[in-house]
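One chain, chain A, links the two complexes that follow: it is found with chain B in the first and with chain C in the second.
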Partner chain A sequence: MEGKSEELEGEMEVEAYRRLFPLQFYERHLSDSVRPDARPLNKARPTSIVPAPLPSADASAMVKIGNTTMLSGIKLEIMFPSSDSPDEGCIAIDFHMPPICSPMVRPGRPAEAAPVISQQLNNVIMSSKLIDLKELSIASGKAAWMVYLEIYCLDADGALFDAALLSAVAAIAHLEIPPVCLNEEGRVVSSQGQAETNTDNNGNTNNSNTEKRKLTLGSIPFSLTCLLHKQYLLVDPTDEEESIMPSLLTVVLDTSGHLISLYKPGGPVLAYTSTTKNCVALATRRVKELEKILKEALSEMDVIEN
Partner chain B sequence: MEYVSPEGLRLDGRRPLEMRQINAEIGVVVKADGSAVFEMGNTKVIAAVYGPREVQNRSQQLSDQALVRCEYSMANFSTGDRLRRPKGDRRSSEISLVIRQTMEACILTHLMPRSQIDIYVQVLQADGGTRSACINAATLALADAGIPMRDLITSCSAGYLVNTPLLDLNYVEDSAGGPDLTVGILAKMDKVTLLQMDAKLPMHIFEKVMQVAMEGCRAVAQYIREVLLENTKELEYRRGL
Partner chain C sequence: MASYFRRKKITFWPCGFRISGDTIVLAAVYGPKAGSKKNESPEKASIEVLWKPKSGQIGKAEREYEMILTRTLQSIFLSTIHPNTTTSVIIQVMHDDGALLPCAINAACAALVDAGIPLKSLAVAICCGITESGSIILDPTKQEEQEMPAFAYLVFPNSSLAVLPGTPPLIEGEPVEHGIITSVTHGAMSVDDYFDCLDRGRVASAKLSEFLRKNLAQSQIPNHSSKAS
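Moving on to the complex of A and B:
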């Protein structure tokens, strides 16, 4: 009986200690190169991609990194291309953090991180040239596809950008453009099953499309967020870790090993060159893991459809 | 469009008094105190409950009961055409109010004075009956959060097309212009807490449609009970009891 009450007391103290002195709690773990959830410092949480969870969207993907859950959906719309790029479509990327994802987000008080991550995603996806906008054109100067990519955070538990980027990329990789062409009245109609060569009045050949086609992707960007604390480098932080150790560094690499983005938004800890190099090395490893996971998820999606 | 064929089949192959497939899962959002995903056919809704927690706005604090707040929003990709204003528009505000008042009726708010309970509902895919799916998801999420309630609130919709009462309308049937009735009941006590209908109906037909909707609610309640029981068994198993 006595032993049990002592045990409980011991348990209570640890939890209280964790809440009252979070930094010391973590440092005791870090000195043994481990984190409270028994992960080594350079290991990311289990990552999984759920293929096409929403049949009504034109493409969708749900990504879970540990508890962080992101759901992305794509909707296609027809638009009038702008005059300075008449044979290019457009992508609009938006990131939302609805109040369900975290106790810190409330209806009147939107999350601080949401527009930041939204902008980051825009920068990374556009600059990595993942999509060739010319593939989104239907008829030069007349009609093009507008891709609305919306990413919703359903559970915010740290490393939001990594999960958001992965889910955006998974959705884009899965997107199939329906076959359309411009008819005589200038309206866009579905051309499924029609003859291949299709020239309109001006003699411009429309994109020969008789069945749904996937976009040809450039090299795919993957990211890794690390926390910097004194001399430690923590990979893939949870929300608790991010709140007590605010200096983070995000590295985005693509599958061909090019560095796409390096993001360190201030923070009390400085990143020396060696730290940055370490991060990039860890990110390179992570890219291989993520590439494999993405490939498996895509082949699963194909199996489901066929 | 033939909403009910001569053989008695609806557009999606269901019989007039047949509900769509329902599927529910609890505890999907780890950060939330309680959460649930509820699917009715193609309508997919996720609800998260945060609370009881400290009141955000001190001036709204109630000294003798808990403050219940609710926000309903739809994902931009949830409907056929992309939504331009997923929340803050009139429909979302109205549904938020409806869900809040419906759930307030069953939460034992006097047990948690000076606190706030937030119910957030996000529609991921909309195919008719979103109001009902939201209420069902909210009930599950509240149960998952361990918030004391009088009873389970379940909801279902029904309509009347081609002289036939139809249970659980999907989007196409809903937009047909016939009457659309949404009912929310306290499952065990069999009392009605939510009743909304648009369009004209003679009284005797209204009673029929109402009965059909209540039956639907009872079926949903049965399913919700099973899901909660399954969840409790799993919790017991994990605790080693």
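Moving on to the complex of A and C:
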């Protein structure tokens, strides 16, 4: 196979060679420390955050990493807190991969990757203590906010988890809790402009303000997916790269430098200590980049609103 | 620093296997059966994992376990030997008392060996928990898992017994059995703690791999001729 492919190389068009011998095609590039899209191995694709694209949602964000596009939106609902934790709200994270996102997803058949990424997001957001659930309480034991965070993949072109996490974090950072309070009949009403009546009814005014408030966020998690192939380490792989070389390692670090997740689900390449350390170092660098991008996007969001 | 193993046992049943401490998982292997799944290469053998929870419907967490288990087994599975076939691994959770995924991986491995499916090596799975004080506990129970700020599930290949004399070659300055096949973590920990977990996990997995090897060798000798047909 090896010899044959070398022979054919001379007389074949590049695009045909890429389709017939994808692995050899990539290895030729990797040996020159470059990728077919002209990126060096340790460079992520250009990343951008579109602030608040959905006016009907309570908060939203769209993230693009290269072609990978994620749209996340938050809807707030009021719920009865559970008896185990009467002064805590709840957050439900759902990740969707509609058929339009990739030729691999067919209508009527849910994508296998979707529940896995959904679970991973849930694990990372809970582990990082990004949101203090106590802040979502309206009145202890009576009412609390339920945050429905939905992330839609619009274009799946590799490193899905990185883009999904960034869009989720951007939406959460932008979320503003509307001012509400509990009236005498036990109903939740908007307390905007009712400052006087509100302060008179003592006892159930906890956490109810008269102005929209943002959540105080803990340290923010950012992730980087690395692809391992032989001795090479490719940062932020595209879909094509992921399908040809299946060993992935995702590192999630938060802004204070804690490791939130080191996720490697199998794969033919084993990760040794030095490789793992390299991935963590690359992720540390990426966290700084993403932090800056997020900060810029958030200040842009504030400008739009005011 | 506390590190311990709960007593482990592999029981070989006619249909499957049970690896127990207090967590009990039954793994059954069927295959290789003809035909491969859709979207899979007909030139390779495929492996599928069906996760059956103890009660209720399969949820997102179980789907994630299914995916991790499938990809972990794929990495030790020789997919070129029986092309265009599927091997099914069915995991039935009997009791969950912590470290469920590592237990399922160990059970699935033992079942694959008993079914005579050729493997590159065994996968040895282990759970390391990090306590508030920063010490590392191996193989925590369910209660410990919930109370601990962080824990990691790690899977390593087992050490190979070479026919050739001398030490086996090192890869990146480390023996093969130090490479991570799978790593899943929960909770926030410092980077150093994770590498500490790796070191301890490797030491523990060496013992576990010896134990697996010994048990598997014993089980092949008596009353297993009935499976040959």
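Methods note: the second predicted complex is superposed on the first by the 284 of 306 C-alpha atoms of A that agree within 3 Å, B and C clash if a C-alpha of one lies under 4 Å from a C-alpha of the other, contacts with A are read in each partner's own complex, and residues count from 1 in each chain.
Everything that follows uses one rule, which is that a contact is a pair of C-beta atoms (placed from the backbone, for glycine too) under 8 Å apart; a residue touches a chain by one contact, two chains touch by 3 or more.
Here the structure is a predicted model, which is why all the values come from computation and not from measurement.
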{"item": "Fit or clash - chain C, chain B, common chain A", "value": "fit"}
{"item": "Contacts of A:Ser56 with chain B and chain C, given as first, second, both or neither", "value": "first"}
{"item": "For chain A as apex, the angle formed with chain B and chain C - C-alpha centres, to the nearest 10 degrees", "value": "120"}
{"item": "Partner chain in contact with A:Val116 - chain B first, chain C second, else both or neither", "value": "second"}
{"item": "First, second, both or neither for A:Pro265, with chain B first and chain C second", "value": "second"}
{"item": "Which of chain B and chain C A:Ser127 touches, first, second, both or neither", "value": "second"}
{"item": "First, second, both or neither for A:Tyr148, with chain B first and chain C second", "value": "first"}
{"item": "Least C-alpha distance (whole Å) that remains between chain C and chain B when both complexes are overlaid", "value": "11"}
{"item": "Doubly contacted chain A residues - partners chain C and chain B", "value": "none"}
{"item": "Residues of chain B touching chain A in the complex", "value": "28-32, 35, 42, 44, 46-48, 50, 53, 56, 69, 71, 73, 75-80, 82, 118, 120, 122, 124-127"}
{"item": "In the complex with chain A, residue positions of chain C that touch it", "value": "39, 60-61, 63-64, 67-68, 70-75, 150, 152, 155, 157, 171-174, 176, 178-191, 193-195, 198"}
{"item": "Chain B-touching residues of chain A, taken from the complex the two chains share", "value": "54-58, 60, 67, 69, 71, 73-75, 77, 94, 98-103, 106-108, 148, 150, 152, 154-157, 239"}
{"item": "For the chain A and chain C complex, residues of the former touching the latter", "value": "104, 112-113, 115-116, 118-120, 122-123, 127-129, 246, 249, 253-254, 257-268, 270-277, 280"}
